[in-house]
Amino acid sequence: MARTMWDSSVGKKTVMAVSGLIMLLYLVVHMFGNLKIFFGAGDFNHYAHWLRTIGEPVMHYEWTLWVIRVVLVVAVVAHAVSAYQLSRRDLRARPNKYVHKKPRASYATRTMRWGGIILALFIVWHILDLTTGTLHPGGFQEGRPYQNVVDTFSTWYGNVIYIVAMLAVGLHVRHGFWSAAQTLGVGSRTRDRALKTVANVLALLLTAGFIAVPVGVMTGVVS
Amino acid sequence: MKLTLRVWRQRNADAEGAMSTYEVDGISSDMSFLEMLDTLNEELILNGEDPVAFDHDCREGICGACSLVINGDAHGPERTTTCQLHMRSFKDGDTIDIEPWRASAFPVIKDLVVDRSAFDRIIQAGGYITAPTGAAPEAHATPVPKPDADFAFEHAECIGCGACVAACPNGAAMLFTSAKVSHLNVLPQGAPERETRVLDMVAQMDEEGFGGCTLTGECATACPKGIPLMSITNMNKEWLRATRKAGKR
Amino acid sequence: MTIPAAYTDYATGAPVVDAKAPTGPIEQRWDTRRFEAKLVNPANRRKHTVIVVGTGLAGGSAGATLAEQGYHVVQFCYQDSPRRAHSIAAQGGINAAKNYRNDGDSIHRLFYDTVKGGDFRARESNVRRLAQISVEIIDQCVAQGVPFAREYGGLLDTRSFGGVQVSRTFYARGQTGQQLLLGAYQALSRQIAAGNVEMHPRTEMLDLIVIDGRARGIVARDLITGKTDIYIADAVVLASGGYGNVFYLSTNAMNSNATAIWRAHRRGAYFANPCFTQIHPTCIPRTGDHQSKLTLMSESLRNDGRIWVPKAKGDTRPPNRIPEDERDYYLERIYPSFGNLVPRDIASRAAKNVCDEGRGVGPGGQGVYLDFAEAIQRMGRKAVEAKYGNLFDMYQRITDEDPYEVPMRIYPAVHYTMGGLWVDYDLQTTIPGLFAIGEANFSDHGANRLGASALMQGLADGYFVLPATINDYLARNPHQEKVTAEHPAVREVMAETEGRIERLLAVDGDRTPDSFHREVGELMWEFCGMARTDAGLRKALERIPQIREEFWRRIKVPGSGEEFNQSLEKANRIVDYLELAELMCLDALHRAESCGGHFREESQTPDGEAARRDDAFSYAAAWEFTGTGEAPVLHKEDLVFEYVHPTQRSYA
């Protein structure tokens, strides 16, 4: 069954849909967690610490977090590899372009592809910035995420990168969520409007929720 | 009407192609698009030039032979087949670009004629119900609920023209394949082969080198018969169901 | 030196006899024949190759069924896919004597209606078999997943059609032909995948190979590469459709052609009743000289639409401004019991008559109204839309007029040819081993075909009749001589085919293929169309050889023979039209009676109806070819009516 999945263009789309939904779920939780920053450094840092203690005492310190990280990495890799392979197939299937071009035709496809690439690069930067601290502006302090966030969003490029990426998230989720529903076969004529609405609401919520943080820092609400 | 046509000319499958420009005059707005091309060809023949090759047959919008991309739209600006497009959709003095279907699974044979045999092979892979002649039970033995019959018909309307592939930025044949899967899989007669049909047809579709679906919806917009995009959703569902079932066996 | 006889001085040869039709009670004849036919051992079937030319309803279903039986089938179509054969354009429906409506239908009634509808020029045995098989066809198609219209209870819906008073027409919206063809195409596809059918799309038959008096193969041209090749088989089945495109403007597909049957005729197969042409009453009128083809509007529209013209000559008011009492609903007036549902030939001629009187509507006065105002009032726009929506859309697309608001304009157009290769009860032509099925043969419709009967006949021939009868031929001729490309007869046919192509390319004249096609088509429409006269036909017969001569002097075919060359394809088909047209006119001239679609002005009743002359013409005319432009030989097959007694048709 796994073989059939991976070998088929429809199956690979299923992989993309499922991995995408996993990441989407994570993003929603992540976005709500981020909003804790508006309750002050204490609350936010406490939340960050709690993330490492989920499941105790059954799970050891950070075990759950690592489980989540592994699932996410698998999802990201599966999503990206499928996307790459499918895109290769798509480009091969249409090697000669029309002389008379219609920009509309490939709008969704192009935003998904470029959006995906932007997001992949963003994730790398985001981890190096706020997880490992490798690329962090100023001194990265383990266990003091509140300050780290404020530091990042105190730079112009931190804000630009982040906001651009979050707009990309919105666009990606908007088509991706609805698209995943079709790929998994849960779409239908009667459900179509509802699915499109949910996709739009999710996209808006995530973009707004995430962007609230740098905006908060820039406006001084968070400092 | 007087028009400028820019037409894709390609001597054969191996030759390089390019757009050539022609002027046509005396075009009536009652003419069909293909009758306008007939007029051009008559002139070309008399001038000792090679007439433009294009596929066409029934000229009433049902055989699916005609296949032109007109100003970037498969079958042109109206939602119909090229043969049912009339010159009243254009204005005097217009420049019209005419190109063949573009997809690596549909190689050009000559000028505007492409090879769509990949579609036949997708049907051969499973787009049928095994019912040898003479083996049929009485037609009324199996009633089919009207909504199912209507659903089947809506998808069975596909004329196999390939506009979906031509319009898809990925050159995907999902709408064509899903139309046949949806037609046959909803019927009680199609039930015994429900799983193998969708699995085999999708595998053949991939094998032919069509692209994948990114759900841009261009196929359904171009489809002259109005096969809905939901047809693809339905095929995905059928495919997943079949894959699960095959996994259990 | 003998002076060649004029074309019209034909000789009458020995009668042609259908040696295969069993005698005895008519309802048992098909069973009797099936029992008497020899069978081929299943293990031996794969050793037999059968060529099938054409993939429409008849060819597609025959290819699939023969392959299922175990024969090795080699099949051809000129289209890029077998799914595009012109059967796909049939709109209305398919008749079957299921009597699901309990409205008094039966196999015998369908048989009776068809013989009567054909104006008593069809063979009783064949028609009875057709009616009997009609029932099985519906079962077969439903099993294949053909999405026929259904009622809310899930059972099949039917509607009534021209020329009958029962509701026996099964349909799939306005696309019945498409759905039935896709059913056959899918069955054929299954056999192609299984390796039992070797399919050659974009390949056109150009000649028949006859060896020792038997059909042994064909010469065909690959339309992509231009290469001509030979294909050898134990039997050849022609399912190449009708020859309505002789008229240039018709409802046939642009590339439908008569080459396969005409080449077979030249090789010895008799051509029967070539003048029997059906002019369909409900087509969209032509708009100008650029017109390349005519579009049919399903006859089913006559169920709810009312046909009329203004009572006054030259009334140019828009239809909605003509008051009710100034309209002439002429079909309802002349034929009160059938009204708008009279058979096609009658409806067409009536339209021609009112237009000839100067009461026609639209540009050039070549049209009559088909009005849905009353139906929309009675059923509501929604119901009309559900029933005819796609037809209305098509009409609007072509004419730019909204038929919900303005009555449609319709005019008759060439639609179907009842004539074709002469076949016996086994569907075998006069060349042993050569079979003709579907519209390509002449067998079942007499002088006029009823609506929704073409689909029935095509599928009956392909699914049921031919697969049963071809066994007999193959079983009686199990070990045929091996034939190769080196065989002198094969080389001769090949050389002739290549010679003709070279000749066409060599003329390099100054007229296009279309210009000749149009010329002969207009001539035929004028003199061999809806109404024919002795003088007119003689004029056409004088003109055709002149056009033919001019064709070979002035034709211009660009390009070469070794490539994809649509002009060459066209020109090569016109060569055959220019001979077939002559035979059609001769047949029309010799049949000095009116019957069905053949209306001779000299033979009509005082009130202008067709007057049949059973005393002199109760036969099928089978013509034998003797040479281009040379008088053919007429062989008559006498028609015997034991069950349906010929009467003057009355639909009043």
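For clarity, chains are labelled A, B and C in written order, and residue numbers in each chain start from 1.
Keep this in mind: contacts are C-beta pairs under 8 Å (C-beta built on N, C-alpha and C of every residue); 3 or more make two chains touch, one makes a residue touch a chain.
Source: prediction; values computed, not measured.
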| item | value |
| --- | --- |
| Distance-maximising chain from chain B - centres being C-alpha averages | A |
| Chain ID, smallest distance between chain and overall C-alpha centroids | B |
| Chain A and chain B: spacing of chain centres that average the CA atoms, whole Å | 37 |
| Chain A and chain C: spacing of chain centres that average the CA atoms, whole Å | 64 |
| Inter-chain centre distance, chain B versus chain C - centres from mean C-alpha coordinates, in Å | 27 |
| Contacting residues of chain B [partner chain C, same complex] | 11-12, 28, 30-32, 34-35, 38-39, 42, 44-46, 48-51, 53, 55-65, 78, 80, 84, 86, 88, 109-110, 113, 115-117, 119-120, 123-125, 127-140, 142-146, 149, 152-153, 156-157, 159-160, 183-184, 187, 189-190 |
| Chain B contact footprint on chain A (complex, rising order) | 1, 4-5, 7-14, 86, 89-102, 105-109, 112, 175, 178-179, 181-189, 192 |
| List of chain C residues in touch with chain B within their complex | 61, 64-65, 68, 79-84, 86, 88-89, 98, 100, 136, 138-140, 142-145, 147-156, 172-173, 175, 178-179, 182, 185-187, 189-190, 192-193, 199, 201, 224, 251, 253-256, 287-288, 290-293, 295-296, 394, 397-398, 400, 463-464, 467, 510, 512, 514-515, 556, 558-559, 563-564, 566-567 |
| Chain B to chain A touching residues, read off their complex | 6, 8, 19, 69, 71-73, 97, 99, 102-105, 167-172, 199, 202-203, 205-206, 209-218, 228-230, 232-241, 243-244, 246-247 |
